[in-house]
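After this come two complexes, each holding chain A, first together with chain B and then together with chain C.
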Partner chain A sequence: MTTARAAAIVLGKELRLEFRTRELLTATVIFALVVVVLFSFAFDPTAAESRRYGPGLLWIAFLFAGSLMLNPSFAREQNNETLDALRMAPISSFAILLGKILANLIFMSLAELVLVPVFAVLYNLSLAGIVWRLILVLVLGTLGLTVTGTVFSAVSAHARMRELLLPLLLLPLLTPLLIAAVESTAGLFAEQPALDRTWLAFLAGFDIVFLTASWLLCDHLLEE
Partner chain B sequence: MKARLAITALVALLIFCAGYAALFIAPDEATMHAIQRIFYFHVASWNAMFCAFFVAFYASVAYLVTGKRKWDALGVSGVEVGVICCTIGLITGPLWARPVWGIWWTWDAKLTSTFILWLLFIAYLLLRGLVEDPEKKASLSAIFAIFASLDIPLVYLANRLWRTQHPQPVIAGGQGSGLDPVMSKVLLLCLFAIFCVMILVLVDRYRLELLRNEAAELKFEIESRGLDAAEGATTPALQKGGL
Partner chain C sequence: MPASKNPSATWCEARRNALPALATQTAATQESIGVSFHNVEKRFGSLAALRGVSLEIRPGEFVALLGPNGAGKTTLLRIAALLMHPTRGAVLFTNRPAVGREHARAQAFSVRPKHAIALVGHSTLLYDELTAAENLTLFARLYALERISEAVAAALEDCGLATRAGSLVRMFSRGMRQRLAIARALLHQPSLILLDEPAAGLDRQGLTWFSARLAQLKSDGCTILMSTHARNESVDLASRAIALAGGRIEHDSGPNGDPRALLAALRAEQ
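Right, the complex of A and B next:
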């Protein structure tokens, strides 16, 4: 079986599992909304200030939500000891990891699909004319978040206090991604919307570096 | 044992000489005066930190390739010593910055990158503390160390593109850079002295980790033998009782 086919099967299993209950998605969206609302209480931004701080807030909300949402990705397998069954299947370990990364990418993107319009309404930001460029930034940023997050979810699954450990491992690592994503989103929300190619290339570079590292290290990551 | 004592004494002498040279031999800096002297140890601790983290990165890759426990021991030693050097750098930096820049801290590229570096390797140590199984602990922390090391150039690049306030490199930093010849000799001495201290501590920490591993293995063996002995003692008794 090719890696792509195996990854697609793992992806299908992850999606089926999630859409039976949709609990992870609901919790993620609500959590990110709570962060967005709390921010408006803490800083009470004017229209000009929301334009300035909005992109940062949006990405902070995504990163916090992601660091919580990605935790069950492997912890769930650990609880039911189903990871052993997955490993016994005649597929490469990268296929398992890739399937999970893609599933988490879809979950995060769905959450963002709900959150971004709500955010735009709450902070009076216009999405008209920048939708496609914003989607490009969101996809590149979210891919970086889910690749590293899924790998670290497999790491923290073996530890005590894993819910607390995952953000501790993940958030410092994501600072370059945060800077690049915020800067490129801020460019889009500015008076004259413009997409900064340097930051976009940086985001793509981040994704490539960590996707390659995950591919090289996945055998060690999932071994028993 | 004697050789180690001799080496430790030698390094102690070296660090004393470096301290003396930095405080009394190096010429006074034109604008910053005495405050500038912290630079000899600040730069030297960064240098030692990068070497220690490089050792940790190399050992982590070597552990994943070979699977030998000694590389894991070297990896954790490198990270611990690196974190100590990093902490020294993060303390001496603000001490210098307060009188010179007028602020303790600024979110500049180098400062921010180092702070993130420190946080990442503290997270590494936390991770090791929270995983029970020794094999898992070794492989997972090696994976994390590799990810963290890959992240460092990205953190630096991102911050560099963003903003920077730290003094530009004074050595080989382009036009107008360069040190007084006496200063550069003192700096070299300090770099070497701190580097030797780092290596000394690293080697001792590595030995300690190996001893800890050995102790844990022996303890495990005693426990399993103890269980065997207990089973051996109870089984015949049961058989007798059965007969």
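Right, the complex of A and C next:
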């Protein structure tokens, strides 16, 4: 079986499980909304302040939401040791990882779909004219977040204090990605919106490097 | 179908109807494989779970793996299931007896016959939030089975859960989960079957079904390695008994020996 086909089967399973329980999506969306709303009321920012601080707040909300969402990705396979069943199937380890990465990317994108319009309204920022460029930045940034998050979710799944371990491993590693994502988003929220190609290339490079690393190391990542 | 009227009373009958179809597929599609452990050690930090286990299980053998808790039975099975790497030593799979056949051994090094191995473990390896049919369909797809809906229906019929196909697994009793776990493990018609305390949670009907299923698999030529207690009746089907203690093989009735003396001695101890 091809990796793509196996990954699609794992993705289908992840989507079915999540849309049946709505455990991750509900918690993540509510948490991220609370962060955005709370900061909005705490600062009551002007349009200029929103342009200045908004991108950082937005990506902090995504990061916290991601930490919350990505942790159970592999941890919930521990319940009945279902990861063993997946590992025993005649499919590549990367197919398991890829299926979960794609599922997390979809869940994070859905959370962002709710969050970004609310953010724009609360912070008086217009998305008109920058929607497609913003989507490009969000997709590249979120892909980096989900790839690294899913990989470290696999690493920390067997650990005793995995809820603590995942952010500890993840946050330092994601700092360069977050800087690039915030800078790219800030460029789009400026009075004269512009997409900085250097930061965009950095985001794409980060994604490629971590996807390649996860492909090369997937057998070790999923081992006990 | 009788099973739909009263599932708890008639699922053995449904199993009897479904069994011949499954058994024929098993014999036809998979060649029996054996597994040999060469000086296998497994350490978890300072704890040695296995200490230099050397053992050859020939294709078609039914081996009962006995021993107290912590003897290393589960570790040995997980290594055979390719879920764990040994700290030292090697595990080889072969489709012929390896003794005296160096060429076959050399070939076996590169073989990882995932498609031919099944494991029934302590956990069910099932998703609680999927239905019985969804669980089986998921694994049928992962094993690239043909005629998936027919294979799933036959497996559910076989384990007596056809009428509960659409129920979430979390709604099942322990015994029903275990039957489904066994059905899931046998779905792809494996030829090397690893069973770790497989009868746990099964009621008397379930045990009868399980013993009949084991007998069928044995007659189909499947290689079976089952960790269990000597009390368990299904262990009487074994053609060989091995007792582990402290990560080492303490007794082995041998491939051509009679396991009954060892089983009787262990039963007397218990």
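Here is the rule we use: the second predicted complex is superposed on the first by the 219 of 224 C-alpha atoms of A that agree within 3 Å, B and C clash if a C-alpha of one lies under 4 Å from a C-alpha of the other, contacts with A are read in each partner's own complex, and residues count from 1 in each chain.
Operating definition for what follows: a residue touches a chain if its C-beta (ideal position, glycine included) is under 8 Å from a C-beta of that chain, and two chains touch if they have at least 3 such contacts.
Given the structure is predicted, the values throughout are model-derived calculations rather than measurements.
Residue contacts after overlaying the shared chain place A:L166 against neither chain B nor chain C. In the superposition on chain A, A:R87 contacts chain C only, with no contact to chain B. By the touch criterion defined above, A:H158 reaches chain B but does not reach chain C. A count of residues in chain A touched by chain B and by chain C gives the higher number to B. In the overlay built on the shared chain, the residue A:L217 is in contact with chain B alone; chain C does not reach it. In the overlay built on the shared chain, the residue A:L17 is in contact with chain C alone; chain B does not reach it.
In the superposed pair of complexes, A:E183 makes contact with chain B only, with no contact to chain C.
Residue overlap on chain A between its contacts with chain B in one complex and with chain C in the other: 223. Taken in their complex, chain A has these residues touching chain C: 1, 6, 9, 13, 16-17, 20-21, 79-82, 84-91, 223-224. For chain B in complex with chain A, the residues that touch the partner chain are 64, 112, 116, 119-120, 123, 126-127, 130-133, 136, 139-140, 142-144, 146-148, 150-151, 154-155, 157-159, 161-162. Here chain A touches chain B in the complex through residues 148, 151-152, 155-156, 158-162, 165, 168-169, 172-173, 175-176, 179-180, 183, 198-199, 202, 205-206, 209-210, 213, 217, 220-221, 223, going by the rule given at the top.
Looking at the complex, you find that chain C touches chain A at residues 81-85, 114-115, 117-119, 121-130, 134, 138-139, 141-144, 184.
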